[in-house]
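Letters are used for the chains, namely A, B, C and D, taken in the order the chains are written, and counting of residues starts over at 1 for each.
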């Protein structure tokens, strides 16, 4: 298959929530190395509240993202709330009126999210933040689309670039967020926000790919 | 962790409950449980003064709600900026029709959340202007003052902004006065032992016994140097040597001095440091107009102190001397 | 020891220096460097209010010098009663010709030194009467109330005595009011981690992590029980269960509540405890007239809190509500 | 010899001061076991200030005691200041106009000191305080005088009783002072005040006996 419907995408939310909940300790631990050790707590809190808010299921991926963004922006605070809140809100806005999410729609969604984030954050690639994941991941996805790869391949390219971006933060000195106060001493550890962002993008890619596969299996049978 | 709480995740809400109940003569709740306001706010025609930030800094921020002080405060989780929605709700609670001065500290989260809240308020026709405190000298070189953190100097900024608003200043005047307050204020902290976020359960940085961390931040952000623990006199010398040349303060300047404990350091020791600071300021020819010593802006149970010095001019002096009433400061 | 001082043996003198310099608008020196007084003292015709005790309890005792509060204070070494001569000098600094009320805490040293000082003053024709605070319930059974220590309830006793004196009360009236204040006041402390006297250099008692010491004294005097560390709710229950039946407090009583940190416990946690206490008092039918939360009477860097509850009558209420100004309490 | 002059007694002060200075740590350590660990600090401070105040030498034992009492009562505070201040002040008063201190004068001095202390302290024998030394020591001295023992023997009896009194505090539960808060838990350690009081009485006895011996040697030669 080449697309999932916006409705089918709704369940991606639960995959994201589970991924964050499962990695709560891991995210706090890496934040603890150079930040204040609460990144997992913050993420888990936002995504867990979102789960309650979603109830059985959101209407669509767009609707789910909007609820998640609302929770992040009104209840989470920190840097995380506005950053991820803005990311999910702008992505939701972009696909709000889209019925089928194909590789083009997904690409527009990613691009919009990345741009809104860049407008808010001031941090650029190399500053050891979530930007070091979102920027290369979005670029890799876009390039894969330009190379006319399949939706699944584009998603895999995005996830791969996200992982590379995350790992690249290990050698960077933080310029934003609490870790930036460590300056040179912040090198040697991956960035917590980069890790959570990578986790989100990877989970999204996997979740959509699973759906594409099962939809294909369904239509084959 | 030898601390008093029920569940770590409830600490902020329960602290708010205790605070509102203990001080119902001065503060009141709003529809948003994480936004508290001065009982009398909003005062029609008066510029509203708002601040907010992460919890764990008591009496900051809610302890500065009061008469001729702060009108409304957005209360975040421990060491975490309140979400935009809370700042927005605080603006609404404080707005008496003449606009709102949001006087807050320079942290990435607060910057983003306030920015978003200001946009939300603008859509409602509430004019909000901001001053971003950046009094913490060690957090960035002078050329990058825009990147410096806001620390205990915020207390003086609130006092000044609150007073100017109470005197009937326009939004522009309140903002200008608060901006001048922080532009004339310099701070530095020294950490003696780390703090522990109850939800984390262990300190996420350490200060070796027998050493002290110069320039430490209010959340344990690393300082500029870890040096062997010094006498009060040497500490005072080190702190003043860093902050006085930065403004610079000079002979004949009138100053306000604020020594704040970080939470785990007894008041007695703060007075001992104050004595050393005052001797140095006198030696440098500054005259001290007013002094504050106590836990004015803390960091959970962290050990250590911050030193803040503000240079006065006629306008700032008028504001500092203006009568005020809040649980944290008169 | 991660502390701020120069030489341990100079701490008290340097603290006094810092305090007098920071608060010269309110306090003044006397001929005895260890005796401080209210700037306006002695007030002719007014009964002088005096207290004193060992240092290390900031803001007690000097923090309660002020308008309509304490007139003069004798400042001892850390955790050591001031000598008789100092109490005597404080009496002289406070005496406005109408006698002196010495309101202090029940410790062997203070008892002896005050007794000797009162005799010295009598030889000079200064009439001094005393009230000995004994609000600390766990320090002796009810039948031996005369052996109980004075703790944070002293703050309320000073407020009441200071107010009655300010209203023009005679020495007999001031003494009677202060005595009624303490007779209607009950306190209890819980220790979470020990304090260290800088001159000793190490804690001379310990509180195992994961436990708390119920009934601990202001100098680390052992409590009645060491139990596993509890939630704020359970702590509040335990504390009120011990002090409320002792007076006893009952349904319909109007009360003043004071939660004081011992020095190393953040204000945030004190508010959390206060919330739990208030809920219990409400459940028991008490109505809370006024509350204080903060480090009102500390023990160097000790972790923990004290809870004090005072039952009001018309006279006490009048005194508690009387306007006052000191660095520690308004 | 059967007496020393009040003037000759003046040097006893320096022996007392040295004894306290030498035992500063010991006194703090035993106070630390059940009190607040500052008894040596407090005693040392008082006696060291006294040393400065005495200068070269006091005029007499009475004068020296008066200076010591003055320091203790005006500069030391705590329980110690008034207790030892009262002890030395009352002893000074009692021998103020005495030229020769013989066993009778010394006995009157001890008795007066003990009585004034008892009037101030409220603590009685068995309460684990300095009273457990001063009371039996004074009694032993008095009894030795009644048995017509020599001055030297009376002093030895006093010192012996002081040591026994000090050691007896080991099995007592403290009823006064900070240690009293430990109740039963205060057993097993000797009392710090009892130890310092014993040290003072022993030193006084030894110092006078040395003088008596050397005076005897002097008059023999």
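Keep this in mind: a residue touches a chain if its C-beta (ideal position, glycine included) is under 8 Å from a C-beta of that chain, and two chains touch if they have at least 3 such contacts.
What you see is a predicted model, and the numbers here were worked out from it, not measured in a lab.
Hopping across touching chains, the smallest step count from chain B to chain D is 2. Centre to centre, using the average C-alpha position, chain B and chain C are separated by 29 Å. One finds 34 Å separating the Cα centroids of chain A and chain B. Distance from the chain A centre to the chain D centre is 80 Å, each centre being the mean of its Cα atoms.
Averaged C-alpha coordinates give centres for chain A and chain C that are 56 Å from one another. For chain D, the set of residues touching two or more other chains is empty. Contact of a single residue of chain B with at least two other chains is seen at no position. Chain contacts in this assembly form an open path, with each chain touching only its neighbours along a single line.
Residues of chain C touching chain B in their complex: 2-6, 11, 14-15, 17-19, 21-23, 55-56, 58-59, 63, 192-193, 207, 209, 212, 229, 231-233, 235, 257, 263-276, 278, 288, 291-293, 295, 298, 300-301, 303, 305, 330.
Those residues of chain D whose C-beta lies close enough to touch chain C in the complex are 28, 32, 35-38, 41-42, 72-83, 85-86, 120-121, 176-178, 181-182, 185. Looking at the complex, you find that chain B touches chain A at residues 9, 54, 76-77, 79-86, 108-109, 112-113, 115-116, 139, 197, 199-200, 204, 217, 219-222.
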